[in-house]
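Shared between the two complexes below is chain A, which pairs with chain B and chain C, respectively.
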Partner chain A sequence: MIRLAIPVLGLIILAGLPMFVSEYELGLMIGMATYVALASAWALFSGHTHYISLATVAFYGTGAYTVAVLNESLPYPAVILCAGLIGAAMALLVGLSTLRLSGIYFVIFTFGLAELVRQLITWYEVTITGTLGRYIFLDLTAQDIYWQMLALCAIAIGLTAWINRTRLGLALRAIGDDEIVAAHSGIHLARTKLIAFTISATLITLVGAVASPRWVYVEPLIVFNPTVSFLTVIMALLGGANRLWGPLVGAIPLFLLFEWLSVNFPDTYPIFLGLMFIGVVFVLPNGVLAGLDDLRAWLGRRGK
Partner chain B sequence: MKMTRRTTMRALASGVAMSMLLGANLAYSADETVTIGYAVAKTGPNATGAGITTIPNYELWVKDVNAAGGLTMPDGSKRMIEVIEYDDRSSNEDLVRAIERLATKDKVDLILPPWGTGSNLAIAPLMDRFGYPQLGVTAVTDKAPEFAARWKRSYWMLGGGHDYAKGLADVLKAAVADGTLNGKVAMVSVADGFGIDLVSGARPAFEEAGLEVVYDKTYPLGTSDFAALMAEAQASGADSFVAFSYPPDSFGMTKTAQSMGYNPKVFYIGVGGAFPIFGKIADGKEEGVMSIGGVNAASPAIKEYFARHIESAGAPPDSWASAITYASLEMLAQSVERVGLDHAKLAEDLSTGSFSTIIGEVKLEDNQLRDLWWVGQWQNGTFIAVNPSDKDGAVAPVVPKPNW
Partner chain C sequence: MTTLVLGLVLGGTYALLALGLTLQYGIARIMNLAYGEFTLLAAFVLVFLFQSAGLSPLLAIILIAPAGYLAGWLLHTLMMRPLVQRAHGKPGKLEVDSILATFGLLFVLQGVMLVLFGANFTSISYLDQGVNVFGVSVALNRLIAFAICLVAGLGLVVLLAKTRWGLILRAVALSPGSAPLVGIDVNKVSRQGFALGTALASIGGASVAMYQTFSANDGVVFTMKALIIVIMGGVGNVAGALAAGFALGLVETFVSTTFDPGLTLAATFTIFLAVLIWRPQGLFGRRS
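Moving on, here comes the complex of A and B:
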């Protein structure tokens, strides 16, 4: 009961916060919520299966672009629904054709996917519509966007918690441990991976759709920025991608650190960024939460 | 009262304290600054453009103003400028947050715009909500009239794609009328915002000018090999070559044309043609190359501006948007001198006032700067303006361009 009450209480407090903060702080909270949602959604598939996906921005950008295309012809809820459906359809298509790839081949493919989608949209806009930039004129306040993003965080983390308790979660963990053993124990590999990948990608698409009204102007180069994919991965890994709260624990401090660096060291911040990436991989390969557990175990042993 | 050492010390100490307090007060009123904030791309894909056109001019202007004692207020007092700058990492999300920070946390007096069309649009609703005037210079958009109407305190100062295409069509049409050109045009464009805007403006403009487009190809962003494209353009029978291209492409096409000995009578390239580095790229053979923009090279104000820019940034400015960026800042300073720092009054004055700047007398029409140079050409080592031909300071274009 308590395990459920604390997160719900936290969510209520977070939802009420916009009443008390300045616009800049609200902007920060939107940014944090965006990356918590992205990292959690990413970890939903990649955390247990260990399939490192760099396709985050392919879906995120698709969501943003869907809003840009449809925002003037459909009411907002319908636009968001369309974005989700398009994301799911794209994930099914991609998943069916690629989840048989494993290891490094999957990483390379997902990285290429973002580029592929960007080029396809560019080609379409250039040859068919004859224009490239699109505008999003929606009367949404920063608060509206924050609440929607918070809801997506809750859905992403809630879904992960639920899946972890079901047969699907067990199957995903088995796949992550050893795919061949999992197949021999009767787990339907392709179907299991496809379901998790589609849920994860749909959530990421929705994050892009919800975030986009803040940019007003959208073009492929702006929405398919590969940095988003890398940041998502590093945030989830820092916290611990196979833990329920790991992506959140990784995303918030990293996001705040980037903001602090760009405010105080606008000229040298990419150097710090690079050093930090290296640091995470070397010092905390399994994430902060796993590191804390190790520390606790070590202290416990010493205590005896 | 006996004058003991203690009382003397006390009196001295309090006297010193008093004068320090007074001094501090005086210093405060003299040192009251105007804070100006901006977020521009220092890293990421937009950093090149921002580093050439936007940042050096912001720095030069602040230096110039502070060297003269600061911004003049309506009452004649002067206040030094203090700058708060952020890196937007070429990401609109970060940019939006930086503007929120400048407006609500730093509470700066004025905000200068970022570099690029997309960036200026991303911050426009925010600037409007916080009430800051936005002097958008580095945004080329045909929708400027719509935007100026939507956000009353936004100003659009670099024209739209159709304007530049129309200007080029005029130049070519005049040369066809002289009998120097055969009226056939080979046209290539980059498949990205800028290239698409210009080429969709150029197609009708060229047709209207009676020019025949015999070759019309689009190439993807990031193309680095132009040999095939240029060979086809050469074989097309056109004697005018027009490229609506980005800097790396503009430079690559120039190199390719030189190495394959392609000598069209008009060689026009997009962004990058007006960069000071272009002479070096063209191996000193830039004479006659046409591109976007241009400056009135005979103007003493421009000459002086170039000299100061070289001294401040270590390189000359580009001959398109740089001078306009600096002029927009001069406008801001003159407005502040007339009406102070109140945003509503500033916006009103920027919309209706006239300003004397390095690009001459400036008056905005519907919040847009329309008195611009559309086409320029390299002549004797300077990139000078050739169109509109009836604008003060225009020189006649040299057609045909001498061989490489």
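Moving on, here comes the complex of A and C:
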């Protein structure tokens, strides 16, 4: 009971915070919520299976671009629904063609996917519609976006918690441990991976759709920024991608650090981030939370 | 005919790039996502040497190739070796770790290049007078780049197939578990394979710089194309990588001349999808 009460209480407090903060702080909170949602949704699939998806921004950007294209012709809820459907269809296409094979094909495909989608949209806009760049005029305040993003965080983390308790979660963990054993114990590998990947990618697309009104002006180079994919992976890894709260623990400090770096070192921050990423892979391969557990166990052994 | 000649010239560079990547993945078992960044780095160094020191690109390549080997050697020793040791022979663990580590490296190198050389498109004009090849006018610099790729690529194929050293490399690629039984130092050979791959990447990059415009953000595209060629040819299959490289060069030139240059990556991906669905073991690979 208490395990459920604390997150719900936290959510209520977070939902009430916009009443007390400034416009700038609210912007920061939207950014944090965006990355918590992205990292949690990413970890929903990649955390247990160890199938590293490098295509976060392909889905995120698709979500944002869908809103940019449709925001004047459809009501907002329908736009969001369309974004979700397009994201799911894209995930099914990627998943069906790569997840039946070994993991490396999936990684390679997702590695180039963002660039592919970006070039296709650019080509389409330049040659067919003749414009590059679109405007998003939606009657949404920063608070509305914050609440929607908070809801997406809650959905991503809640869904992960729920999946962890179901047969699907068990199957995903088995696949991450040993795919051959998992297949022999009767798990339908491709279907299991496909379901989890589609859920994860759809959530990421929705995050992009919800975040998009903050930009006002959208063009492929802006929304398909590879840094988003990069940050999502490093955040989830830092906290611990196979832990329920790991992505959240990694996302909040890294987002603040990223903000600080991009303001103070606008030219060199990718270098810092890359070095940090390598550092995380080397020093904390299982994340901070697992590191803390190890430390506690080590202290416990020493205490005896 | 124009498409054929230009496509073969482009394919030569791709084949060389794919050859380097297949060495790294086949021998050292490291999936290097920062591969295209090494290519670009070599391209920038060539432009820098040409513009500031007035060094002829042909001379510069002779300097860049060993530098690439050295960079790969250092990278393997400092960064990849600890990951190999940590994986304790579990290929899945090494794969995930190396993908993540080189993904981080990609951003470091890209950041360094953006700081040093800026985000603008860069090119040099070097020997750009036309030469008549089978009735098609091809710039001389393209032909030289093609010759360099051909010499480096075919030279390596011969070395791998005919020499004792090539036999050792192939033994490690085929069966890293059994190679120590016949007295092969797998770690040393992996390092050589990885460094050789980086050297090929830098030769490829330097030859790209001689005839093409490029920018610091193009690394991902180079890596992607090299990866797709490797898969088309079958992982670790050197001759397959060469053939697939030429094939991709032809298809790309065809698409960009008949349809639109903006669709070349889409064409690459379409081929990739077709290969994945039809022959995941590679066009020239055997079913395992």
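Of note:
Methods note: the second predicted complex is superposed on the first by the 287 of 304 C-alpha atoms of A that agree within 3 Å, B and C clash if a C-alpha of one lies under 4 Å from a C-alpha of the other, contacts with A are read in each partner's own complex, and residues count from 1 in each chain.
We take it that a contact is a pair of C-beta atoms (placed from the backbone, for glycine too) under 8 Å apart; a residue touches a chain by one contact, two chains touch by 3 or more.
None of the values given here were measured: they were computed from a predicted structure.
By the touch criterion defined above, A:V126 lies against chain B and chain C together after alignment on the C-alpha atoms of chain A.
Looking at the shared chain after the overlay, A:L170 reaches neither chain B nor chain C. When both complexes are overlaid on chain A, the residue A:F282 reaches chain C alone and has no touch with chain B. When both complexes are overlaid on chain A, the residue A:Y135 reaches chain B alone and has no touch with chain C.
Looking at the shared chain after the overlay, A:A161 reaches neither chain B nor chain C. By the touch criterion defined above, A:D267 lies against chain B and chain C together after alignment on the C-alpha atoms of chain A. Of the two partner chains placed around the shared chain by superposition, chain B is the only one that A:R214 touches, whereas chain C remains out of contact. In the superposition on chain A, contact of A:N225 is made with chain B only, not with chain C. Residue overlap on chain A between its contacts with chain B in one complex and with chain C in the other: 119, 122-123, 126-127, 267, 269-270. Considering their complex, residues 42-45, 85-87, 89-94, 96-97, 100-101, 103-105, 117-118, 121-122, 124-125, 191-193, 196-197, 200, 218, 220-221 of chain B touch chain A.
Chain A meets chain C in the complex at residues 50, 52, 54, 97-98, 101, 103-105, 107-109, 111-112, 115-116, 119-120, 122-123, 126-127, 226, 230, 233-234, 237, 267-271, 273-278, 281-282, 285.
By the touch rule above, chain A contacts chain B in their complex via residues 22-28, 31, 34, 119, 122-123, 125-127, 130-133, 135, 142, 211, 214-217, 219, 221-222, 225, 227, 259, 262-263, 266-267, 269-270.
Note for the complex: chain C touches chain A at residues 31, 33, 79, 82-83, 86, 92, 95-97, 99-101, 103-112, 114-115, 220-221, 223-224, 227-228, 231, 260, 262-263, 265-266, 269, 272-273, 276-277, 280.
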